[in-house]
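Shared chain: subunit A. Partners: subunit B in the first complex, subunit C in the second.
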Partner chain A sequence: MILVVSISTLLFFMLRVTGDPALVLAGDLSTDEDLARIRSFYGLDKPLIIQYILFIWQALRLNFGKSLVSFEDAMGLVLEKMPATVELALAAILLNLVVALLVGAWLGYRPQRIDRRIGLFGVLVSQGIPGFVIGLILIQVFAVHLKVLPSIGNQGLHSLILPSITLASFMLPRVIRLTAANVDEAMREDYVRTARASGATSRIVLFRHVLPNTLVGTLALIGVQFGFLLSGSLITETLFAWPGVGLQLIEAVRALDFPVVQATVAVVAVLVFVVQAVVDALIPLVDPRLRSRRV
Partner chain B sequence: MSSSQPGGITRRFLPHSRLGAPALLIAGFLGLAVVIVLTVWGQSIAGFDPGKQNLTDRLLPPGADGHLLGTDKLGKDIFARVAAGFRWSIPVALLATAISASIGTTIGVIAGWNEGWIRSSLSRFMEVAISFPYLVLAVAIIGVVGRGFFALSLSLGLVAWVSFARVIYAETRRVKEREYVMAARLMGMGALRIILTYIGRGIRPTLVVMCAFIFADLLVAEAGLSFLGLGASLRDPTWGNMLSDSRINLFEAPWMMYGPASAVILTVLTANMIGDGLLQYWGRGTHQQ
Partner chain C sequence: MKGSKALIALVAVMALLAAACGGDEAEAPATTAAPATTAAPATTEAPAEETTATTEAMEEETTATTEAMEEETTATTEAMEEETTTTTEAPAEPITVSVGLGNMPPSGMPYLGAGSPGQYVWSNIFDGLTRIGPDGAPAPWLAESWSVAADNMTWTFNLRPGITFSNGEPLNAAAVEANFAVILSEEGRATYSANANNYSYVDSVTAVDDTTVQIVTSAANALLPSAISIAYILPPAYFAEVGPEGFARQPVGTGPYVVSEWGDDKIVLQAWEGSWRGKPGVDTVEYVNLPDPAARVQALQSGQINVAQSPSPDVAQSLTDDGFTVYSATRGQVLAVAFITKHGGPLADVRVRQALNYAVDKEAIRVALTGGLSPSGGLYPPVGVNGHDPNRMVYPYDPDKALQLLAEAGYADGFDMEAEMTLGSFPADAEIYDAMAGYLSEIGVNVTITPIDFRGAWLPYFLGTDGADWNGQAFNYSWGTAPLFDAIRPFNFYQCGWRNAWYCDEEAVPLIEAVNTTFDQEERNKVLHQLLDHTAANPPSLMLTENFELWAHDGLVGFGVFAFNAPFDGVSYGG
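Our next item is the complex of A and B:
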């Protein structure tokens, strides 16, 4: 909530500093009478501080007014697009978990071996490749050359494949590196030595003992990086014309549709908060050691 | 919230960390040399004017008629445009890094030096702000301030300072506990003077490393915003614009993306390698993301 208020405040004053919103709304051909009418309609004729208090009051009630383009409720427009974005984000997170645990286990299990070092260097390099470049390459290979997967829109499960891989790639290198480091560290723990000494094969040790312990760190990182993932979904949704909140935000900014922009920012802030709360609640489920510490 | 911080991951993978640093630094500075050469002489290597249209030579493949990377949909030479992109994208990212470093360092030092409510409220704010998607905020700010070079640098600078502030805050707290700072305080040195001399010197390595990483992040962000059509104005030769063009012509001219994509990757990798190399050379786990 603090964040919603402070970002709204920032946007509110920047909007007022950069120009007369009535002028933006009315367009270049408007007369003085038009401007006056628009000012009184949106409450722009009141003193700035009253405007601000009214604005924050509305923002706290998550009411951002109507879209300047479609005249629908801005909040409603954003919530309508929410499921598509959440679907894409969940697919990307799932992909991240699976790939990061597998690759991370492979890299961290014998980190000194030359193939693992090359692999790790590859992960390091891939961290420098922007997500939208990966998206473009995916489109080129699978949609243009092989023609097996659609590159735009949302027409069922198979059109989720390319966008979710693209979105996952925004945070995958980091998650893999963390998982690999955690596996490497966990392999040196006493319980691994005990398990090995009592006759468990290395595979059992890795999958039964090491990976579950690693999951906590990976999950926590995904929670912390969720905001980063949402940044990526702006680009991913535009690239694949995925009908979500990100695409709508980009279109709203292009059309100077400020109520929708502000509603999106507020919803995203709430979403980030909820995801972190969920991750914080999940971690004790995964790691019994943390259960007793819960207050 | 978990306290797992992957700082120093690379070091764990390179057991002789001091050996890893020179390799990374050499690779990083080689990359930097290539970047500088392309920035300064790229135009003359290309041999074409990046802004010149030639509608008879549209969408040529690489190598045709002396166009090293082919031409775009208006017949402009892609290599020349990629080279011009170095002069556009790098200054934007540098300016944005400078803005966010100034804001972030100031707030980080204030939060780290003062105790009591200033520290607790600032650190609480940073904790919340860091988790907010920076690109969403940047896009919202751009919606207000408009597009173009300075608007772009400003909005990127305004979203990235939190990363600086958080790390500088931790560093300041660490340096403040040192004996020499204690000694200076006991000698009656003023707070401002201690901050400017001792704290400033103590956090400098961290600041340099952070600048390299944040520069890389902001370069990608700039390319991403321009790719979305919200960064540079459409005429500017930025890599993001070129990638956005290549998306439109993906079917006829799939090669169009290679040039700008490699330029982004080269510059980002260079900055990351220099940052990682310096980090290992100075032996600290600062980049905690």
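Our next item is the complex of A and C:
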């Protein structure tokens, strides 16, 4: 709740600096009478501090008012879109986990080999490519030329492939690099030497001993970067017309639709908090050492 | 050990996901190719006025657009003419057209906006008493005729008999009265101000009998029939039953389409044969929210949509090369820079204002920065607007004349000026303003362009709210005629009486007043042209290029956009 109030307070004052919603609603034909009528109707004629107190009182009850554009309940609009964004974000996280662990393991297992060095250099370079460029390339190849995958909207799992790869690409290179570094470090640990001495094959050493330990760092990074991933969803959802909160937020900001912007940010803030908490809870499950420490 | 199991489980989930994603044709996107053998739709019951008007629109656009556009428009015109005479045949298979829009309408409630993008969709579902035709004049629509009393403030509109809404409610005078009662209430004027402000001088609307409506205004205004074209008539009983929110999700009108889905990201319309406008040629129209222009073009190229709104002018040629039709039409708006003269300074001298207009090569800007797609370089009123005259003078590029005028005005060495501009509102506007500044620097006028925010600065400065005012000597203000599509509209701001007047031409004031209050159209246009002549000699702004609609589609016949109406009832894939 403190989180929602803090974020909402910050946003309340920041949004009011960007412009007067009454002017936007009234348009360039408006008279003073029109402006007064609109301000009175939306409570914008009250002193700012009163507006703020009323806003916080309503925000505490998760009531952000009605959209200034569509006049529908702002929170309802956001919650309606949230599943699509969560679906996309989860797919991107899964992709990150799987690809980062596999590629990171390959790169970090014998990092001194020339092919791994080239691979790591490629990952480094790819970190500098903006996510939207990757998205545009994917659309051009798979939707325009090959015509095998859709690039707009959410029409089932087919539609999820290109946007989830695009969104995953926002953080994939850095997760791969972290995993590779962790694998490299783990390979020099005592327990690996012990496993090798007891006759374990390279594959067993990697998959049974090294990767589970590496998973902790990867999970932690993904948790920390989840907010960043959601900011990537603004671009991804716009590019692929994915019907989530990112696309909605961009349109709400453009229209100065305060209630929808405030409701979106509050919900996203809570979501980021929840994901952090889930990751914190998952890490001890993955790493028995942390579990025993807590006990 | 448990960690490795978790890892294996994750991999398994991804594998399942990948398997689920692979090769399921049934889940492929709904991309509808144009049936090659589809017969022309039945339009024989459509009102004669509409057919004529639409055909004229196509002809009008033909004169205004580039050569490629002309060919397309001519083809469209022919198709439209053909449709009016073709005997009805059952279509071979239902036609679905998917349209990618840059923005979606704000709501299914059509009073929550005016112009783009709402009207693109609303014009297929709803009707007003009038509809602005392709020539910018109000045409009979739900009202078949109208007249104004001697006081010039009491109007009588006669409705077409026998029209019903798609839910079965009758369209009658009582319905019209009920609609205006909602719009003109205190709450309506606040909530629906974006629409209602265009006819705020309407005092009362009364049903005289079943098909006669009386509208009384608080001031004489000859443009009432144009202004109320965007006041769509909704079924009052249904509206009262579901309220504005319910109506927004399931709108009902008298137009040729009914709404089967209204979402923030997707709208689906189905043809309704019972409409007074006749059975439309396209059975299903889908509107998809595609904010990114590149994504819209890619969706069109990949066959996921059939029509793309506002592709970048840069890709127009490549789309044409790929076999798509690129369509441009007027938006009734000319990009311009307004001169602020209320504080005096060089711009208060008419010779300086003329010099600045002579100094800029508008045609070169049009060709270089809009790909030649802008219909004209600075011609006002543009095509499709009442008062348009293709022979009206546009200041030619003549830097020598500009230098001579500056010298005569005492500014042979030029001067510095600041222009406050919002950037990114129109295609390539920043580049156009930069080019303008470049041309002006050649005659010694050094323009500093200060970018400002539309909502935070431009709008308060323009309205002068709480003492806000312009800081420079010029600002960007397009000569926009929408939603009236009449040349007089921007003059109502460019005048001494405006609430934060930045320019005052006392000689123009009586002419503006005369145009606003002359009800005989021929007489009115005579005065309008006097005003335009006067303004040409006394330019209050620097005209640049015309803003325009740009669309691309995969071969539709009869597709046209005028006054922000993008009706699909006359559209087909030919046959």
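FYI, the second predicted complex is superposed on the first by the 276 of 295 C-alpha atoms of A that agree within 3 Å, B and C clash if a C-alpha of one lies under 4 Å from a C-alpha of the other, contacts with A are read in each partner's own complex, and residues count from 1 in each chain.
We adopt the following convention: a contact is a pair of C-beta atoms (placed from the backbone, for glycine too) under 8 Å apart; a residue touches a chain by one contact, two chains touch by 3 or more.
Computed from a predicted structure; not experimentally measured.
**Student:** Using the superposition on subunit A, tell me whether subunit B and subunit C clash or fit.
**Tutor:** Partners clash after overlay.
**Student:** Could you look at A:Gln140 and tell me whether it touches subunit B, subunit C, both or neither (first, second, both, neither)?
**Tutor:** both
**Student:** Please work out whether A:Gln112 is in contact with subunit B alone, subunit C alone, both, or neither, and reply first, second, both or neither.
**Tutor:** first
**Student:** So in the superposed three-chain picture, is A:Glu251 touching just subunit B, just subunit C, both, or none of them (first/second/both/neither)?
**Tutor:** A:Glu251 sits against subunit C, while subunit B stays out of touch.
**Student:** Answer with first, second, both or neither: which of subunit B and subunit C does A:Ala220 touch in the superposed model?
**Tutor:** The first partner, subunit B, only.
**Student:** When the two structures are overlaid on chain A, which partner does A:Ser70 contact: first (subunit B), second (subunit C), both, or neither?
**Tutor:** Touch status of A:Ser70: second partner only.
**Student:** State whether A:Val125 touches subunit B only (first), subunit C only (second), both chains, or neither.
**Tutor:** After superposing on A, A:Val125 lies in contact with subunit B but is clear of subunit C.
**Student:** Between the stretches 219-227, 309-317, 471-479 or 507-515, which region of subunit C is in steric conflict with subunit B after the superposition?
**Tutor:** Only 309-317 shows clashing C-alpha atoms.
**Student:** Can you pull the subunit A residues that subunit B and subunit C both touch?
**Tutor:** 18, 136, 139-140, 144, 238-239, 250, 256
**Student:** For subunit B, which residues count as touching subunit A in their complex?
**Tutor:** 1-2, 4, 6, 9-10, 12-13, 15, 125, 128-137, 139-146, 216, 220, 223-224, 227-230, 243, 246-247, 250-251, 254, 257, 261, 264-265, 268-269, 272, 276, 289
**Student:** With touch defined as at the start, can you tell me which subunit A residues reach subunit B in the complex?
**Tutor:** 2-3, 6-7, 10-11, 14-15, 18, 111-112, 117, 120, 124-125, 127-133, 136-137, 139-140, 144, 174, 177-178, 180-182, 184-185, 216-217, 220-221, 223-224, 226-232, 234-235, 238-239, 249-250, 252-254, 256, 258, 261-262, 264-265, 268-269, 272-273, 276, 280, 283
**Student:** Would you mind writing out the residues of subunit C in touch with subunit A in their complex?
**Tutor:** 1-4, 6-7, 10-11, 13-14, 17, 20-21, 24, 27-30, 100, 103-104, 106-107, 109, 112, 186-187, 189-191, 193-194, 197-198, 200, 244-245, 248, 263-266, 288-292, 294-295, 298-299, 301-305, 453, 455-456, 459-460, 462-463, 465, 493, 499
**Student:** Using the touch rule from the top, collect the residues of subunit A that touch subunit C in their complex.
**Tutor:** Touch residues, subunit A against subunit C: 17-20, 23-32, 34-35, 37-38, 40-42, 69-72, 77, 81, 91, 94-95, 97-98, 101, 136, 139-140, 143-144, 147, 150-153, 155-161, 207-208, 211-213, 215, 238-241, 243, 247-248, 250-251, 255-256, 285-288.
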